[in-house]
Every structure is written in C-alpha cells, then in structure tokens.
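Would you mind keeping the following structure in view while I ask a few things?
Labels run A, B, C, D and E following the written order; every chain starts at residue 1.
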C-alpha cells in the first residue's frame, strides 16, 4: 500500500514545518449516479440521446478537470456508476454539475450518494515512504487499476482525545500493514465541515481478493478501534469514459 | 472566526444582566429545496414559467424579510438550493411558505431538509470580541462571502451535566481557535423545542480549504467531545436571488 | 407552565388513592398530513373539490369529538398540517379515519407521521398546582394559543430503574421550572404499548421565543438526563378548521 | 394476562423434559398491508374488483389455515390492515402469498411491514398457569377480542449472558404482573434466524386503556431492562375478513 | 451444522501454513430483487415477455457460473426473490448484471438489497470437521436443501481486540453447537472492504423449526456477544431457475 496522506518529520501534527496548519488544497467530488427507472423504460432513441449527452458531458469534464469513471453495476444495487472529479477550484466542479442538471441528463440520473472532500497534507509522518513528504495533492500515478474501493469515514471522539504521539504510533502500525500490500494505492481526502463524513478513502488495486485480505488485516490494528463508521463501501470497476453510455444500455446499438 | 453568539460579563450563564433568562428573538428558517423530477422532464416553456414564479416569490421574500439564496448543486446530491430567511415574527416566514405552496412552485419543488431556529443571546462570554456583548440578533455584516457552511447540531446529555464554569472554559478554548481564522464568520441559532436539533450553525467564508482547516482543528478541542450530532453538513455557494432560476435550468433561455 | 399531568398526595406512584393502578382514559390521536404531490399539480377545480371534502370531514370530526387543526407550513418540510383528535372511545376516532380513507381525501393526503396516545392520571404529584389533582382527562382550557409544540418521547431504561422517590424529586424540579413560564400549558399523554413512543407531549403558547427559553432551561434539569428521544419536534400554528383548505391552496378562489 | 409461552418444571431452560431442545413448531406470519395510492385514485368499479379479489383470497386463506384480519386505520399512518396467518407448514403460507402476488392484488397492496415467526415451547416456567405446560402451539382461545397489540422484539446481549435462574426469576416477576390483568391474553412467537427480530409478541384485549396500564407497569420490571427494541408497536382492531373490503373503501357500494 | 469456513492446525490465525495471509478467492453475489409495481400492473403479454427475458438471463447465468434461485415471497415483504451467483472472476458476475440492466429486465426489477462477498480460508480451526482443512471455496454439496437462511453480519470492535486464542476458543464453542445440528449446512463468505458488512452468512436446511432452534441456542454462546449486527435476515425457499417466472406471475399462463 502506497500512502498519499503522509508527512514525515518532527513538526507538530496538523502543522506544516512553517507552523501554519494544514489546509484543504484540491477539491474532490465522488458522485454516484443511477439511471432513472423512467429512462430504462424509454424507447431506444430516447435512451441513445441521453447516452450521447452523457458522453459529451464526460468529455467536457475531462477537458476541465481530472475525471475518472467507474461502474458499480453488479457490485452495488443502489447505484450504477461513480464519477470522480478533482480540481483546485471547487467552482469548476460545481459549475459542471449545474450544466449536467440543466441538460437532459438532469432528469435522467438519480443521485443516491455524493461525497465532497479536499486533499490536504496528512497529520501523520510515513517512515516507509519518504516521497510522500509534503504531499498535499492527489497522487499522480492513479487511475490505472482495474478496481477502486471507496468509502466515507469518520473517527470516534476518543480518537481526537488521544495524544498526537499515540495517534502517530497507531498510524505507523496502520501504514506498516498497508506497506506490505504493494499493489494497493491509497488516496485519503478530507471532508471536515464540508460534508457529513470526515474522510473519503479511495483504494486502487487490480484484485478484490488482495484488498479483502488487507482490510481483514487492518481490522486487527489499533487504529481501527477508533473508526466511527466506514460505510457504505463501494467496489467500483474502471471504465473508459467514452464506454460508459454503452455499458449502461444508453447507446444506439442497444435499441 | 468572529462569533455572533457571545456575551461577556459576570452574569450567570443563561441569564441577562437583568436576571431574566435569554429567550428567542428572531425566527430563522433554513429551507433546502430540490427541483422535482417531473419539472426536469417538463417542456422548456413550463420550466420557464416555474422559474418566473420562483424569481417573483424570492423577490417577495426579500421585500418582507432578510433573504439569502445559496446553490448546493455539485456539493450535495439530495438538494439543489438553500433559502435562508429571518424575521422577528415567525408568521411572516410561515405566511410566505404558505404562498409558495399555493403557487405553481408548490408542486415543483421537493423539500428534503428544513431547519427552524431563533437567534438568542449566547450563554457564554467572549473575551476576544467585546462587540459581541448582548448580541441577540443575526449579525449585520453577513451575506457577502462566497460560501456558507451549514449544519444542525445537538449536544450530548453529558454537556448539560457540566458546571457552567466548565462549559464556559471549553467555549473559551473553542472561541480562541475560531478567532485565529479571521475570515470565517459564525452564526449560531437555537432550536430547543422548535425543531429536532438544538442548534443550526452557519459559517460564512470564501475558501473551503480554510474552513476545512478550522473544523479539523476544532475536532481536537474539548467542547467537541460533547457533540451528539453535527450532520448533515451542507456546503452552499452564494447566488443572487435573481440568478437562481437560470442556475437551476428554469429560465427561458434554457429551452 | 401549567401541568395537566400531575397528582399530589401520599399514594404510591402509579396508583390511585383507591390502590388501583392508573389506566388510560381518553384516546388521543395526532395525525400529520401532507397534500400529495399529484394534488398540487391537479387543476383548480379538482383541488377545490378536495378542499370541500376536507372541510366537510373536519366539520364531521368536530361534531363527534374534540378536534383541533394546526398548520406546519413553513416550520416543517415533511408535513403541511396536524389534526389533533380526542375521544373516550378509540373507535370513534378510527371510524372517522376509515371514512377519510374511503373519501376522495384518501388519495389526496400523504400521512408522514402519526401518534396514538391516551390520557392517564400522572404518576407524579404537583405541589404547585393543587387543581391538577386526579386530573386524568385532557385539560379543558386548551386550544386558545397561537402555537402548539408537539413531540413523541421515551425515557431511558435507567429512568425506570430509579426509585419512585427519586423520580418524584426530579419531576418536582422539572415542574418548578415549567411553573415559572406561566403562559405555557403542557398536555402529556401516554402511549405505552399502543404506539412506538412512550409519551406524546404537546405544549401550547403564543410565543416561540418563550418556549425556546423554557426548553433550554429544562435541558439543565436532572430529569432530562433520562430522555431517550424527544424528536421529531413540530412547531404548529393554530388554524380555524374551516380555514384549512384555503390555507393549503385547496379552495376555489385559488384556481 | 394469560401466558401462552410457558413451561413449568425442573428441566433446564431451553430443553424439553426429554432433553431435546425446543424447536419451532407452527409457522406464523404477520403481514401489514396498505392500499396503494393508485388504487385509492382508481374508478369505483376498479376498486370494487380489487375488493372482490381481496375477499376471495381471504376466504381461501381461512380455508387453508388459521387466518385473522385486523384494521390499523386511524391508529397507524403507514398501514391499513394486518393479516395474521398460522400453519404447521410454512409452504402453505408462502404459497398463498405467491397467489396474492400473481392476482390483481399484487399491484394493489403496498407491504410496509412483515414479520415471520414460529411457535415454540417457552424457555421459562409459569407457576401461575399450570395449563400452559408443554404448550408449543398458538393458544386456541384467541381471536375473540376487539384489539390486538403487536410488536417485534429483541433482547439485549446482556440478557443472554445472564444465568438461566436469573432469567427465570425475572420472567416470573414479568408473568406475575401480567397475571393481574386477567383480560389480556399474550401470544409470544419466535423469529431467531428467520427474520430480523427475535420475537413477535401479540396481545389480545378489549380495552386499550387496560393494556396501556399493563405495559406501563411492565416498564418497572427487571426483565424490561433487557429489551433491545420493541417497536414499531401496532394497535389493531379485529374485523371480520368479509368486512375488510368495505372497510377499506374497496366495496361496490363506495363507488 | 457442517462448517465450510474452517481450518485446523497450529498456524497463526489469518495465515496459511505457508505464512501468507488468507485472501479472497471466489467472488460471491447475493442479489435480492422485487418485481416493480408497474410490471405487476402491466398487461399479461408484457409480463410474459419480461418473464421470458428473466428465464433466458437465468439460463445464461447458469451457463457461466454457479447460480441458485430462491423465492422470498411470503417470508419477506420487501423482496420477491434471491439470485445467488459465484465465480472466480468478479467481472463474469458484473458483466452479467450489466446485461440484465441493458435488457427489458433492467426496468422491471427493483433491487432492494445486494451483498458482495468472497470465499476465503477461515481464520479458525475446526476440530470436528477435518475435511474442512484448507477449504477456501464454496462447499460443493450445497443447493439441495429446501431453505436458505441468509444475513449480512459484522463483528464488534471488541472482537478484534481479543487474543487469537480467545477468538479460537469461542469459535470452537460456536462450531460445537452447530455440529449437533447435522442437517444444517453453513456457508460463510467475507466482505471486508468490498461491501458494507464484514460477512455474508448463508445456512441451508430443510426445516425452519430446526434452524430456529440452532440460532436460539447460539444466542447463549460467547461469540454471540461480539455480533455488531446480523440483520436483515432472509428466509428463502429454493426454486428451480426455470420455475421462477411462473412463480412470480410473469409466465404466459397467468394472463
């Protein structure tokens, strides 16, 4: 597991070496959509028109910001796909969503889950990954794995009552476990005050069975005692943006 | 952070210098709306008519009471916009909502979240902000920031078992943290007995990343141990009332 | 606060002077309704017909039993009005509701919340209100205030483990606080075994700001530690029954 | 209160005198239905056809198994009636429900609540009711009272950590309280592993005020400390099966 | 009870004899469906066409992977049937679900519950069933019993704080109880990180009364203290895949 949310060194937790507290940098949006029931019942031509609008809007998102598309068909019953967007300016993201709502897609997609977060320098140092120092943006080596495993998360109040050194020690154990799973990449983003969870955690990997083993092992770590919630959990499969409409049955050929 | 909910001095908590307990003064309503699915599917002319009714009703609200409009498009999936209204007389607010329901908007807007509260003199003194003394109305310098961060809140029972001096001490720590974030304004309102939360808290600021840092830091404060719930959290973007219809795709030009 | 749920004297809690345990006397029904979305979209004539049926049914209820009507428009988003009915015989109440369901109103009103309860002699004595002795029916001086504040309530298990004398002492503190708010009337009714809450509590008053202060003060009382839940809370505004249809946009003049 | 769920004697709890553990005997199904909104809006002839199908299906159920019908109109907002069915073979019950779904009723009835359970010999002895010995089927003297009070129930984990003798002692206190309410009959059924509750409890009586008093008194008993949940609670009124359609507005005369 | 999730021997828990931690092997999907209301109201020919599509898709699933079909009609109100699928490659499962959504069935079936899991070597040894050693795939003797009892499950945090030996001891007690119920087969699968539960447990048996007795007895075992949740519980009845459409009223003969 390669961590993106780490910062080594002797500086007090939560503060940059300069003394300024860490703050949010990039805005990150996880939007889970489901094709509305009335669209599934619509004639093929209507579905194809919606599919074309979807493809065009995704292309527009990719031009403006980091955009990734994942299918949740067959792993979740309440959603069909995940759209993952990142930009330094939250308005670029929200402007795109306003366009979507004003388009024919606004009536065609249900929106069962949505998570807003930001990247931020981690509170905790990572002895195993020097390159993670000062990282405060989303990792640049992502988007290549077959699966994304996502969940919103919050810590218990007891966690925030621990001393910084205690938390650091537990996070070191947590990081050491993850380090043994080299093929799993972690992206931790922060939602304090912006949305109802404290974190949105997204793991990338090619093998669900390996990720299952990692999370099983993390259950025994001390930091896990301080998890308030980490559900719903989503297993998502990477799709090329231009293939989403066909995958969802919104392409002309499906008529 | 500039606090609006504070009162310095030696008077016992919960009582005005005159000895009378603090009581609610202004009524405050946070109404979250979502354009109904059947409106999103309606012809352009019908949507435009609804947009015109919306613009007229918002103008009517602004004439009668303090009225602010925020978009939640792209930050939340369950709501599209927030209407924030304040008046000394609750009936002025409820009369307006009865008008909305009797208008074509009554069938056009879903109402997923609603929070009723009042302004009230704070129980706690604020050594850092003398001007906050005796403040029992909504701050007059609001409505200028790009973002509003809103959530309903309740304290645990353990909080109400603490001595007044203990609560005051924790609130002082809380206030001191906020004081370092000069660009964030706080509006605390009270809902005891009127609605299902105890408080509705609304922060104004221009930078989500700064607010994220503030809430992250507050998690370590002692008062945070006594939060029963503080969700759902809403990140809202200020809009001119007359621009809302177009933003939502309810303006003629979107046909 | 004038209490309706009290009984002074030396008799053991939960028993009448004769030794028989208190039992339910009058049946009380709180029914929260919302005009269905399809009615809001219906033509004016159809809405007016529904409004006429509503007015006639309310008149019929008033003839048969104590009936009060309150609007929740603008204070709650999930309901439009509250119908409060009381009768010695539960069947009179349920017969009326069967009539409503068989009428055109059956398809016109959603029913998001419903609370069934009974009046019963209180377990606790009230030193401050001798007239409350042996009261086991709904107070006769109600229905005149502008607002009704209603919530379902249950006590924690720890409450029922306390000695009778301890509960009595806490209720005395509770009653003493309420006694200082002369303009607020309380109606406590009981739901043990009949519905999912243990109590339905309804306060009458003219000023939300005063009620807010009362509930704020009660939070510091010892009895409040033993509240398991007291939500959802409803702020309701008294309406003449014959004015409800027009208030809801179901009168002919609104076409 | 006459208990149906008891077994006296010196045999260890949970085991028959022969040493075999108690096991489920009769299958019991509590099905709560609500007339769908589109049926309430349908023309009278269509509603009458649905009513006829309902009457025929209830007659068919009565021929095959013990069948009782109760109205919840006016006591609950989410359901209209309860169908209570019992048979030694679960397939007889499920076959009937498959018939219902294949009939026009399948589209006409919403199904908000459903509880599956079985009769089983009680774990606890009943010194006050020798006739209850070895009872492992539903009582034969039921179905004659005006009201049925039903709720699903589960015990806390702490209950299952108690010694058998401790549980027996608490149940004896519980049974003694109930014994003083001669006019209330109790039917306890078991759902371990079959449905999301552990028990479904159904009380029969003619007077809601008396049942209210019983449940109020039981709150002070020690066994009540170990209740994890006992909601939702349903107050149901006995109806002749052939009168249900008319009661619900599904009879020809209501057109 | 014959356990499929066991591994005897002296190797540390969570690790194979070779030292590698156990990892997920086969993907398992439990999909609960309900015929949509609009399908129940559709003409017979339309329902028959949907039934034919369902039969064909189930046949296609059976060709590609282990596929079992169960009815929940009459035992649950929120779902009509369960589709249980297993394959070494998760993509084979999700591809099939994408096909279903693109077919006419996509609009015909609601999807109220869905559980994704994997098979994995158990953490715990089973002294009573040597053949279970190293088992890490679904048992091969399943699919023959009349009933399946399914629930999602998670353990409390306290469970993961126990020593491995303590957990092993409790699981041995748990396994010994199950061993006495020879006619009940257990299938334990794992969801850590993949879905919102930690386990999906599925028991096969012919007699609900016997399974009720087993779960009743397990409530007294020590391991049960560490169950965080084990609901919703589903009682499912085995159906031949080709009989499902007729069972649901989607066959031509039901017109």
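Just so it is clear, contacts are C-beta pairs under 8 Å (C-beta built on N, C-alpha and C of every residue); 3 or more make two chains touch, one makes a residue touch a chain.
Bear in mind that the values here come from a model prediction, so they are computed numbers and not experimental data.
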item	value
Touch-network distance, chain A to chain D, counted in steps	2
Shared chain contacts [chain B and chain D, defined touch]	C
Angle of the C-alpha superposing rotation, chain B to chain C, to the nearest 5 degrees	70
Gap in Å, rounded to a whole number, between the CA centres of chain D and chain C	28
Averaged-CA centre spacing for the pair chain E and chain B, given as whole angstrom	46
For chain A, residues that touch 2 or more chains besides their own	none
Cyclic ordering of chains (reference chain C, direction chain D)	C, D, E, A, B
Chain E residues touching chain A - in the complex, by the definition given at the top	14, 21-25, 27, 29, 31-32, 36, 38, 90-91, 93-98, 101-102, 106-107, 111-114, 116, 118, 120, 157, 160-161, 190-196, 198
Chain B to chain A touching residues, read off their complex	35, 37, 40-41, 71, 73-78, 80, 149, 203, 208-217, 219-220, 224-225, 227, 231-233, 235, 237, 247-249, 254
